[in-house]
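Two complexes are shown next, each including subunit A; its partner changes from subunit B in the first to subunit C in the second.
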Partner chain A sequence: MSDETITLYKHMKDLPSNRLLGTGTPMCAGCGGLLAIHQAYDILGEKTVFVNAAGCMTLLAVYPYTPFRGSWLYTSMASAPAGAQGVRDALDIQLARGRIKPEEDLQVVVLTGDGAAYGMGMSSTSSAIEHGLDFIYLCYDNEGYANTGQQSSPATPHGARTSTSTGPQGFGGHKKDLFAIWAAHRPAYVATVIATEPVDLARKIEKAKGLKGSRLIIALSPCPTGWDFDPRETVEIGRLAVKTGMWPLKEYENGKVTHTRVPPKRAPVEEYLEKQGRFAHLFHPRRNEAMLAEIQARVDDYWAGVEADHG
Partner chain B sequence: MYRIRFHGRGGQGMKTASRILGSAFFQQGYEVQDAPRYGAERRGAPVFAYVRAARRTIQERGIILEPDLVIVADDSLVPMPAAGVLQGVTPRTVLLISSGETPETWRHRLNIAGPLLTLQAEAAAGAEQHFVGTALAGAAARLVGVITLLALEQAVQLELAGLGGETLSSNLDQALAAYELMAPQAGLVSEGEALAAAAYQRPDWVELPLDEADAAAAAIHAGATSVEVRTGLWRTLRPVIDYQRCNRCWWVCSEFCPDSAIRVNAEHFPEIDYDHCKGCLICVAQCPAHAISAIPESSEAQP
Partner chain C sequence: MTRTLITGNAAAAWGARLAGAEYVPAFPITPQTEIIETLAGWIDAGEMECRLVTLESEHSMITAAGAAASTGVRVFSATSSQGLLYGMEMVYAVPGYRAPFVLVNVSRGVQTPVTLEPDHNDVLAARDSGFLQLHCATCQEVLDSTLIAYRLAEDHRVRLPALVNLDGFYLSFTREPVEIPDRAAVEGFLPPYDPETTRFHAGEPVSQGVVVLGGAYYSYFRYEQHLAAQRALEVYDEVAAEFAQQFGRSYDAVETYRSEDAEIVFFMIGSFSTKAKDAVDRLREAGQAVGLVRPRLLRPYPAEALRRALDGKKGVAVIDQNLSMGMGGVLHGELAGALYGRAGMPSVLASFIGGLGGRDIAAEEFYEMAAVTRRACREGSTPPPRLLYTADELRQMRKLQAVAHAERMEGKQ
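Up next is the complex of A and B:
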């Protein structure tokens, strides 16, 4: 992030210590998605309306309970951006007719998993950006269809075991580059975040909140249930995703991509992989050297490209 | 008819246990019903599953209110009213609790005269899926006394076939070991009477008046109503802050608690909300001053 950016959030101590998101949600203990949402919500503030596509987080608001301070709308998996368009239009009409005051306006935030964002919802997101819809899209990326039992999604990383890729090689595909796809639409803002870097996350949400137009954010969200690790490891695993370079933290604005955290010396990817049961078959009963080398090489290639770009 | 209830926490394999037991009954020629019961809650929340098995057509539906056998995978659920472990238990109900404590301790604690057994069920070691439920299904099969070792083995093979190799074989070992362990109590569980419609008890739910359709849309007219849900019940380990060690580090623990269960008080000290903390222990792992430790929820040493 450029130095001249004016931000309220420079250090951990600048982060809000009051919590907007209510307790008592049905998410798993240690849910990395919930962690990202609570951090984002603290920055977004109460004047937010969530449009939530089917996925784990739909269970946040199970009648008559909601952890949100304001409205929440449920849509089918493919159409959260279409739902957001409806809410935005309704707010604009109310504003134009003077039924709500400008200070009562709400930030429209789409909340979906990766299954919706990388797959089924891509077409409606593309249209929304094309129409210049004024909204924020927050994707919590747990790299699978977690709500239905962690089947593979277009965000599943190469080699991971999911309930639909149980063979010795795990998932055969490669994680889709959603950041690049979104950025190719040239929207107002695109960023990747992770809750284990809360200051970086806060600054990006703050920046998105201050802009108009389509602003899209992907939060890698370690999922103890789907990725098979002890819930106490959620934060550590998130940190390793950044340290190993598996999850680059970056933003796109005005046609330019900037990396906001460049790991000074990248740890080997296996430090990240070996902590998760979904990659256990790469280590036991014997190491799958070919697959480990392949995953490492992809990460190395990515960062070689970044260094070349930045000169 | 046999009526059997399994109680555990999401992730302990109660659904699988009920399927294995149901399958084993089926191999013996019984008509069987098995079903898990859980809400939207996830791993750690109390869940239960039940099995009915009879030599004739089963007309009963719904949850089992008068069980012949109750199996508890996690002993911290026993005293928890919301888990409903003791619901409908009569003097002839057999209780099997997975616990390190003796049956005498539990009988005394619960003031129960009926048959009560304990068994320290272990999750299958080295398995990709760690179910304590498999061992408990094996124990249940022996306690009813009408299931052969072969039928149990076939049921485990059938229900866990998808898991394959090591996972299947270690789970099978656990089930068969528990079956052997219960040999002295074989047949302790007897079949319950058929229920008469006249004895039907209304479930104790709250009737809500029916609103007009336009007013009855499922809208929630207040913020953060989820605080009414006590997710603290999910916890098996309790994080405890040592305030001598806490250096008020700008509340790493609060920032990283996914459940908003750590607040900062007026003196800038963190406070854990035990009504809602789910016991993930991220705070224990992340506190830079190592000021938070985990103690068993059932420990006497609780503050």
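Up next is the complex of A and C:
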């Protein structure tokens, strides 16, 4: 994000203090996904309709309560973007026919986990972008099917233990690159965020909100329950995800990818991994040097590529 | 009024056009595709003010339909067979939104094996979903049922989506003379879409499709949907009466043909019932008291009207163009449930499975079904279920099997 960008959010003190999202949701203590939604909602505001897919956040709206001041539509695990398509098209039809006033219009926001965003919902997502659908996709990425007990998903990182990858090597696959998949569709905007970098998150939501077309925000969402750490560590783990370079903060716009936070001196990935029970088998009973080196090498490779690109 | 020769698919498209459908989420599948192509053609030519969006699957298509209806526009969509099954998660989900729209299904047998030709296993898979179901026998009925379906689905007492069914090929691709009403007359019958309280827009937040915690809350909402579907029975009668008054065509929830004084009746849905009518005429000429009873409305199930229609009959030949594996004909089981233990109901319900994958039902087979049912009445015992299949068809099948066997053996040498 270039410095000339006009933004309301330059410092922590600029962030909204209004707290639009209601309290009392059944999310786990220390839920990094809820934290990101909380922050995003303050900026998106109440003129929104959240179109949700099956996952932890489906339990935000439990009859007769909702933490949202605006609207909510639960669809299915696979088809939230198609729900957004139906809502957006119907709003446009009514706007064109004067049945609703421009001030009654809504920002359509798809809210899903990684299982839906990286996997089951990929077909409907691709279709929505292909239609140039005017919507924001907010993915809280907790790197597994958390709601069903943290099984491996297409977003699970290499080596992580999940409830379906319990062996000594953890998950054998590699986290899918959703950012690149979206960018390949040439949408209006794609960004990665994390709640522990609230100013960066706010600026990206602000930017997405100001654009039209298909926009994706992927929020890495430390999940105490699924990643096996104490809820009080959520913020520290989130910070380490960025400091170690495991979670690059970046955005895509007009065919160009920009990194919004380049860690000046990256901390070793171990610092991030050792804080989480899901990687404990890489350290105990003995260190799995090969796997640790492999994970470090992937991160180093990634950043070497970034530096090469930026000259 | 002039009548135009059009296909069943064109009749469905005319229904959507005359109803003033504003939004059509679409996906192609034979034998339905002509419906969405026709609508797309009208939209592109500026003859219809509507937005058609091709989604990437029927699952998405039905999601978009439910979402758009929940946002406040009149929605039309169409599918068939594998498409309906592909969207089935959402077919069961969207009725709970209580946002009505009309979905046309052009019946086609489901795989495996693969076929393009019709039977009713596809639409019957949606039987318990909460969609209302109207089943058509003629192209005129397709157009008219689409209009009736909107009125019924959108009625304040109902608020459920409706499925209008026509048979692939036999109706979808068959031209029949159809009276196409003019738009002004239809507007008198079908007022503009009223989204009631379900409408996403700023200022009045709505939450749709939410979670409930506990079986008691779940039961409440599910039963409420059931009651709404049941109310659709009386609403249907009102709507059909109004339609008849305005357009001069009557569509009772249960069609009866020469059944008043009949001893034996055929019981079936769909386009093959027109063949049954011919058979009834021939049998009447031969002095046999035979008739036809055809439910147009399958959901809600018009149990009371069926009992009235069948009161005092000796036997019913139920012809199921579907097969519930390990059980038999779906219509047969349902009808038995509606009649069992009531005074005056026919004692013989003979079950016939026919017309699977578009297999024809010949006039002689109708005569035979009538004879079998009559004999059963005389002997006082219900015959075993029977598949309509001729010795010649079996010979043809055996020939193909012999070819397949020979080919395989050749490959092994």
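Going forward, the second predicted complex is superposed on the first by the 311 of 311 C-alpha atoms of A that agree within 3 Å, B and C clash if a C-alpha of one lies under 4 Å from a C-alpha of the other, contacts with A are read in each partner's own complex, and residues count from 1 in each chain.
Definition applied: a contact is a pair of C-beta atoms (placed from the backbone, for glycine too) under 8 Å apart; a residue touches a chain by one contact, two chains touch by 3 or more.
Here the structure is a predicted model, which means the values were calculated and not measured.
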| request: Answer with clash or fit: subunit B and subunit C placed together on subunit A by superposition. | output: fit
| said: Contact-wise, after the overlay, does A:Pro198 reach subunit B, subunit C, both or neither (first, second, both, neither)? | reply: first
| A:Lys47 contacts which: subunit B (first), subunit C (second), both, neither? | second
| message | Quick check for you: in the superposed arrangement, does A:Thr75 touch first (subunit B), second (subunit C), both or neither? | response | second
| message | Quick one: is A:Val235 in contact with subunit B, with subunit C, with both, or with neither? Answer first, second, both or neither. | response | first
| request: Figure out whether A:Pro67 sits in contact with subunit B (first) or subunit C (second), or with both, or with neither. | output: first
| query | Who does A:Gly173 touch here: subunit B (first), subunit C (second), both, or neither? | reply | neither
| request: Please work out whether A:Pro154 is in contact with subunit B alone, subunit C alone, both, or neither, and reply first, second, both or neither. | output: neither
| For A:Pro263, is the partner it touches subunit B (first), subunit C (second), both, or none of the two (neither)? | neither
| subunit B versus subunit C as contact partner of A:Arg99, first or second or both or neither | second
| field | After fitting on chain A: smallest Cα gap, subunit B-subunit C, Å | value | 5
| request: Identify the overlap between the subunit B-contacting and the subunit C-contacting residues of subunit A. | output: 46, 59, 61-63, 66, 68-70
| said: Applying the document's contact rule, which stretches of subunit A touch subunit C when the two form their complex? | reply: 46-47, 49, 51, 58-59, 61-63, 66, 68-76, 78-79, 81-87, 89-94, 99-100, 103-106, 123-124, 126-127, 130-131
| query | Contact residues on subunit A for subunit B in the complex? | reply | 11-13, 15, 17, 19, 21-32, 34-35, 38-39, 46, 59-70, 166, 195-196, 198, 224-225, 228, 231-236, 277, 280
| note | As the complex stands, subunit C meets subunit A at residues 22-23, 25, 51, 53, 55-57, 59-61, 63-73, 89-90, 93, 200-203, 205-213, 217
| message | Taking the touch rule as given, give the residues of subunit B at its contact with subunit A in the complex, in rising order. | response | 10-11, 39-45, 128, 162, 164, 218, 220, 223-231, 234-235, 250-252, 254-261, 263-264, 273, 275-276, 278-282, 284-286
